[in-house]
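Just dropping this structure here.
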């Protein structure tokens, strides 16, 4: 079964099981993230408190950790929650927002890696920073191309055991051995705040129902790329695009995915 | 005067007085809550700081306390603010988001009850947990039906002196003696994050102008149910529904309420 | 070059340079603020942590400080960040949300002034409170007219060296010597939460590319007033207006500004 066909299977599983996705995320995207997950069919819960986050992380279908507006208190809770998820063998996904551009979170994200994320999704500058390369982006925006970051992504994947996603005009997904690229999307998408965070959150939903984190990551990037591409065709601007993407996730189905998805698997070069 | 007619009177009073509604709420719904209150005609202020919340709570028309993303710091401020509201005889409404599913907030919400909320609004699992029954929901989502929770709601109302609202496909409102049900709404509404939180916030506005908390709670559920039902008829998806509900609250008037509201008062069985 | 012509030049510069605008803002407007800045052409980053905020503030194009939902932890970070911006000669803009209505933030905002904001933007009650006059607004809403606050604004500008903006149906901008008024906007705009915060955030973008803070403040008020006025003409309600304003900022161009802007410079009276 190829990545597009399995994306349809994963979507059906999300709709059927409505997995509980625990989000520890930033104040910018909390609303749009919850709405995107609901629209896809998941059951999101946003829980940051240090007493509660570990409890929820050990029973949720997946945990999403996004350091976009991390504070010391939230960082402590994230450490506890990712440790709890790891101990309970629950998948979790890391979004290293602005890692490389800011010192505290660069060190913090590196520390979180020891709790073994299943997936790491960032832009090129963030992934290069986590991989120990690059000069950092401009705030939350990348100053590097995904192609540039692919080698670092493969190394990071091999070192950590995580699937690594470098998102951009073309998204690259790699587990160090297998690599896929998703070519959907639209140039207006970076004008909507936090669509990368949405991709990460959707990965939480796919991880909760799909046993292979590599495919789970590909599927999430397919969903968002397909919907974003379709929505952007007739949109009035980036605020409408944000709204249309959530509406689109609600209506997403196998036909839309099959017709629109453009996924390429790289040849293995061993 | 019946509950529908009085809902129209309360709406006029909100529009005329523009009551200050103090919200201590979660990061997911802060924007949509403020916009819903503004659209209805109230003057929302979102204030969480421990130095400020008690000051505002003692002068606001009503206080809304929502534990959706509660942290220890916010919990401390909520204790102070609800105590201040109680001392100043200001009405306040509690939204026990995910109570029953998470230990810390279950204990915390029970502790808040001693500051005598005027209204408690939750889904069936949350209300059953507060009432000391039930096994807890799935994260923020209910795993029980409102009908199941009604007995617990009545007991909770009698024990605490609060009006208790169990929202769901049919909303039940009870003060332990009187019970009403609001039958408006739409099946798409649970796909929008935080519409329950919106209902709670609107209850803050009605409490600020309506002396009977039972009716205040009924009115808020009527407003949201009526608008949600109308908006859902022509919506493009849940993100549009969130937007249309706020637009609809802005245009809400007595005609719309009278034409669309379906409220039933239960017979007293004493 | 007049204020309208220079507003067009500033817009081109934002689009070309995409300045990094560091926001320390409230949980209500974080999403809409980020989207408004992206739509205008800037690169927003929302960073509140005490370890990170000073680091980013000293390299960003401008810093936006909004005390809307300030907590003690965020207040400490804001002190450090504004000191860092001042030390690095980076412009920063203060939004004193609800100052005058709440004691803690009134003292805190006064304290921030020693780090020399380039611009202060508030409603009439907030500016009068900062100027040491007035009785405070109702929560976050003004109970005074901008005209009433203009004298206080001029005094505040002279005392602090900041440009002071009093926004309302007519916006006044003054540096204590020069005064301008922007007459664009629409009566529906106060029904959208946080458009004042959006104005402040846009001022961050203009400050980052325009050396004269007086003109930078005028330009930001022009952008929002022009777009709000156009969007309100055909809007379905305040939630649509919020969305249309962000879409409109994305499409804003010199033609729209030149056709619609109504800016008057006051005669100097020395």
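To keep things simple, chains are lettered A, B and C as they appear, and every chain counts its residues starting from 1.
The criterion applied here is as follows: a residue touches a chain if its C-beta (ideal position, glycine included) is under 8 Å from a C-beta of that chain, and two chains touch if they have at least 3 such contacts.
Treat the numbers as computed from the prediction; the structure is a model and nothing was measured.
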Rotation, 0 to 180 degrees and nearest 5, that superposes subunit B on copy subunit C via CA atoms: 120
Interface numbering overlap (same over half, different under half) for subunit A and subunit C: different
Averaged-CA centre spacing for the pair subunit C and subunit A, given as whole angstrom: 33
Residue list for subunit C, restricted to those that touch at least two other chains: 27, 31, 73, 242-243
Residues of subunit A touching subunit C in the complex: 26-29, 31-32, 68-73, 98, 101-105, 138-141, 190-194, 236-240, 242-243
Residues on subunit B engaged by subunit C in the complex (per definition of touch): 20, 22, 27, 30-31, 34-35, 38-39, 43-52, 55-56, 60, 73, 242-248, 250-251
